[in-house]
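Read from first to last, the chains carry the letters A, B, C and D; within each, the first residue is number 1.
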């Protein structure tokens, strides 16, 4: 008897939730658009912002969002992961307001989005510390990754077989590394991992392993970051344009950003974020870059 | 003589197999608990996680895990029990029953990643909800439902036929018999099965990656209005569960204490599953006693 | 209470009305025919025993009287069983209402896993009887009629499963009595019990005859001859012989019946 | 007797038989039909969920063949996988299909004897205490999240294999060990049910003929239970085939065909998880991942058909 009542109660709750779901989805979007458009000149910003995309960028945006929400208590920002492709798809569908991406939208054949570059990420090849190499010529790096050099001793390192640790084909990190470190060469087959921490762990544990990582993962000495052609992988060298392997982190909006979006994007590029949160997470401030790059990879002095 | 030797050898082999299974579990558990317990503390459980600095906890993730589980069970239990009752009591052998049974089996054997993809398409994109607890719970429902149906069906089948006949012979209708005789008698078994299924839901990550998302908005635990954006009870917010948290910090996390947090989380997860198990046994036997003895 | 029944002699002088008329009843399990067109009349306030070897169709017949065969997938019946002027095999019969009037007690005691009290009241409550005082009255009345009241009156709220087998069976009978049926169908009600419980249940059945029409299936020939007024002998789905119990056991008109009763087969 | 009659409830008897005993509109209201409809809806939901999943994955998964013009033959038999190449994308998923099947079969190869052995231990060797110990163990193994399996595999198993067996450690072997532990509970549970549902008479008959326990198990019990045991293995394999996160961490995810058990490999599931986030909806490289998802779904159906076939054999 009682169990039936519970059962029907459950059913009712479930159906109510489904109904609420339909309504809830609709209303939450309305408030976003409505409230942001209204609050034009007033200082107090309010509304809701949904962001998704690049898992690499997520921690940064999430940290900045937290600060931003502390300063503007009426604002609610949700930062989701999902990957660059997801972020780009969702922002162009209008499912989210901001889409985070490691790559130019053009590279994924998506157009009609407004690019907001919020950070720069430098990356370099990293090897197992026992390999005994700290510097590598770009030509050699290409040979290593294309499989022409198979043992580290050919480059004066330890007598260890080279193990490549790649990123998935569609990964932005892989695209950048191939383009700017390998000169567009396609790397030979190797272990493929998507996650930076896993890649780092593999490089650290596998003798003779080489992979590539963002500077943010190269803070300790569990793996050795390689200089390329004698240029050290440092923030200064990237900013001055000497170290070529880097990429923008983008926050895309669909059309010109609305007030709330603009306020948040401005905050992301403000010195507050650029000089405090960014460096802590190993990103380079986009504001300090002395060079610029477009979607096709052409680099120009600012 | 030979047969006897073979018998002894075979017995030995079976004991070794049992021993291997037990030691695999003990090995896994002690590994996880040994590595994890150094980091589990009250503070670890009650601090929100951090995106960049060390010392983050798992407060929100822990809550999310239980909340997602709760919502999932809220949807699954009535549907699963209803489906199980249908299969056990109403389904007549025939084409429709065959189709339903095939559907249950297909749902049960679907890879969780396929369910995650389906959830992404259906509950995230198509509905326009984005990553939500509800989306995650619905995706988990897809793979928990067949388990619940099977548990209920088996439980009802294990109720002695006599009881059903007794009730029907007194002129009580079939539905009322199900409600008042079959389901109460099957309840301990359903409960145990349900709690065990809950353990599996609790640790699921692949399906949730694509549906409930990888982040948790700032939560205010004093806000109990389920429609408020910052309320933990809001089912239209993204929620990173414990299992997803382990996955995400291990893959992308920038915090310096990745190992500590993930080991600690794993230990908490395992302990919760252990708890579910003990709870299932305890409550099951308790209710069994209560139902058969005096009410 | 009527007492002249105590001596177990069938009362044949009184002219009784038929409560059930079975006409050309056939019962099938899918393709297989289990009962082959039987016809018989069952009198009110009479104990009718159905005997015969296993698989002869007597239980199938019994279960068709309150439509319990509906539970078996593929089972269906042809012909008619007339009760109160209606063919109870017909599709428009409200089976629930029918079973309230034609109750059944099974071979194995099957009390609900509830308290003794609830075992009795469960079906009453379903029928819409909610008043506590009425329920209490009926519980006492039916348990008294089932000769169980004195044994359980102090533990009505204990689990029915704590009773002994014989007590459980009497509880099941009480549960059926509580519905105040017209006909009671008993499917080997004492075969799973020890001799003492068996005796008690038999005594009870004879007692019940005053208020109900009873149809009992039994394997126990002595039981049939001890308690029943009329006996029907079934064999391979056929009703071989149906007559006064005395006649069946002393001077059967069919040879098969005699062989069965004298234990030559079965 | 008198007050018995007085109860209104029993006055029903005074109502004519037709009104008492015939079905009426009231039956529709008394919950019988309503209840049946409720539970039927629950069952329908399951059908619709399955259909929805099939339709969604079907339409998404077929797009790469219909819209992007990928050849199905290439997808199933090509060995070159390079979907993000702008100039000349290649969609050969054979290495992953091969990897999925291989690692699944290998995992079943370990888990089947262990699982069935465990089941026999529980039902035949030590039915009393063996079950008490093994049953909770099995249930706890189910509860360990796959992420945790993967991580232990990565931290413990992979280095162990690299040091003791050679190779990179990321290999079919690692994947197979991790998977075999993950599917062990599935196989053991179903095999235990199968063994314990065998009629007692089988055992008694065999023992009565003087057979030893092992002879009984081998000659009588296992042959009798074989369709169910195979079902257990197939269900375990279905689970292994679809497992993603744990395998991804230990198998290496390479795009080439493995040549030995110590070679790294890739599976359908790992390629999906690795690339799904990076690709944009509707792009060819995204669609081809959905095609792989569809392939996983089709495999689920195939496993079910196989189980169906096995259980139909059981009846004979």
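Some points to look at:
Methods note: a residue touches a chain if its C-beta (ideal position, glycine included) is under 8 Å from a C-beta of that chain, and two chains touch if they have at least 3 such contacts.
These numbers were taken from a predicted model, which means no experiment stands behind them.
Least step count on the touch graph, chain B to chain C: 1.
Chain centres computed from CA atoms place C at the largest separation from chain D.
The chain occupying the central position, as judged from C-alpha centroids, is B.
The busiest chain interface, judged by C-beta pairs in contact, is B-D. Distance from the chain C centre to the chain D centre is 49 Å, each centre being the mean of its Cα atoms. Put simply, the C-alpha centre of chain A and that of chain D have 35 angstrom between them.
Distance between chain centres (mean CA atoms), chain B to chain D: 16 Å. Remark: chain A and chain B have CA centroids separated by 33 Å (rounded to whole angstrom). Counting only residues that touch two or more partner chains, chain B has 78-79, 81-82, 125, 173, 176, 179-180, 184, 210, 250. Counting partner chains per residue, chain C shows two or more touched chains at residues 97-98, 101, 127. Residue positions of chain A with contacts to 2 or more other chains are 11, 55, 81-82, 93, 194, 198. If the chains shown are joined wherever they touch, the resulting network has some other arrangement, not a path, ring, star or complete graph.
Touching chain pairs in this entry, ordered by label, are A-B, A-D, B-C, B-D, C-D.
Those residues of chain B whose C-beta lies close enough to touch chain D in the complex are 3-4, 6-7, 9-11, 13-15, 17-18, 20-22, 24-25, 28-29, 31-32, 78-83, 85-87, 89-91, 99-100, 102-107, 109-115, 117-118, 121-122, 125, 142, 145-146, 149, 173-176, 178-179, 196, 199-200, 202-206, 209-210, 243, 246-247, 250, 262, 266, 269-270, 273-274, 276-277, 281. On the chain C side of its complex with chain D, the touching residues are 83-86, 88, 92-94, 97-98, 101, 124, 127-129, 134, 137-138, 141, 180, 182. Of all the residues in chain D, the ones that touch chain A in their complex are 38, 81-85, 154, 158-159, 162, 168-170, 248-249, 252-256, 264, 266, 271, 273-283, 285-286. The touching residues of chain D, when paired with chain C in their complex, are 3-4, 7, 9-10, 13, 17-18, 20-24, 27.
Of all the residues in chain D, the ones that touch chain B in their complex are 30-32, 34-36, 38-43, 45-47, 49-50, 52-53, 56-57, 60, 113-114, 117-118, 120-122, 124-126, 130, 133-134, 136-148, 151-152, 156, 181, 184, 188, 211-215, 217-218, 235, 238-239, 241-245, 269, 272-273, 276, 281, 290, 293, 296-297, 300-301, 303-304, 307-308.
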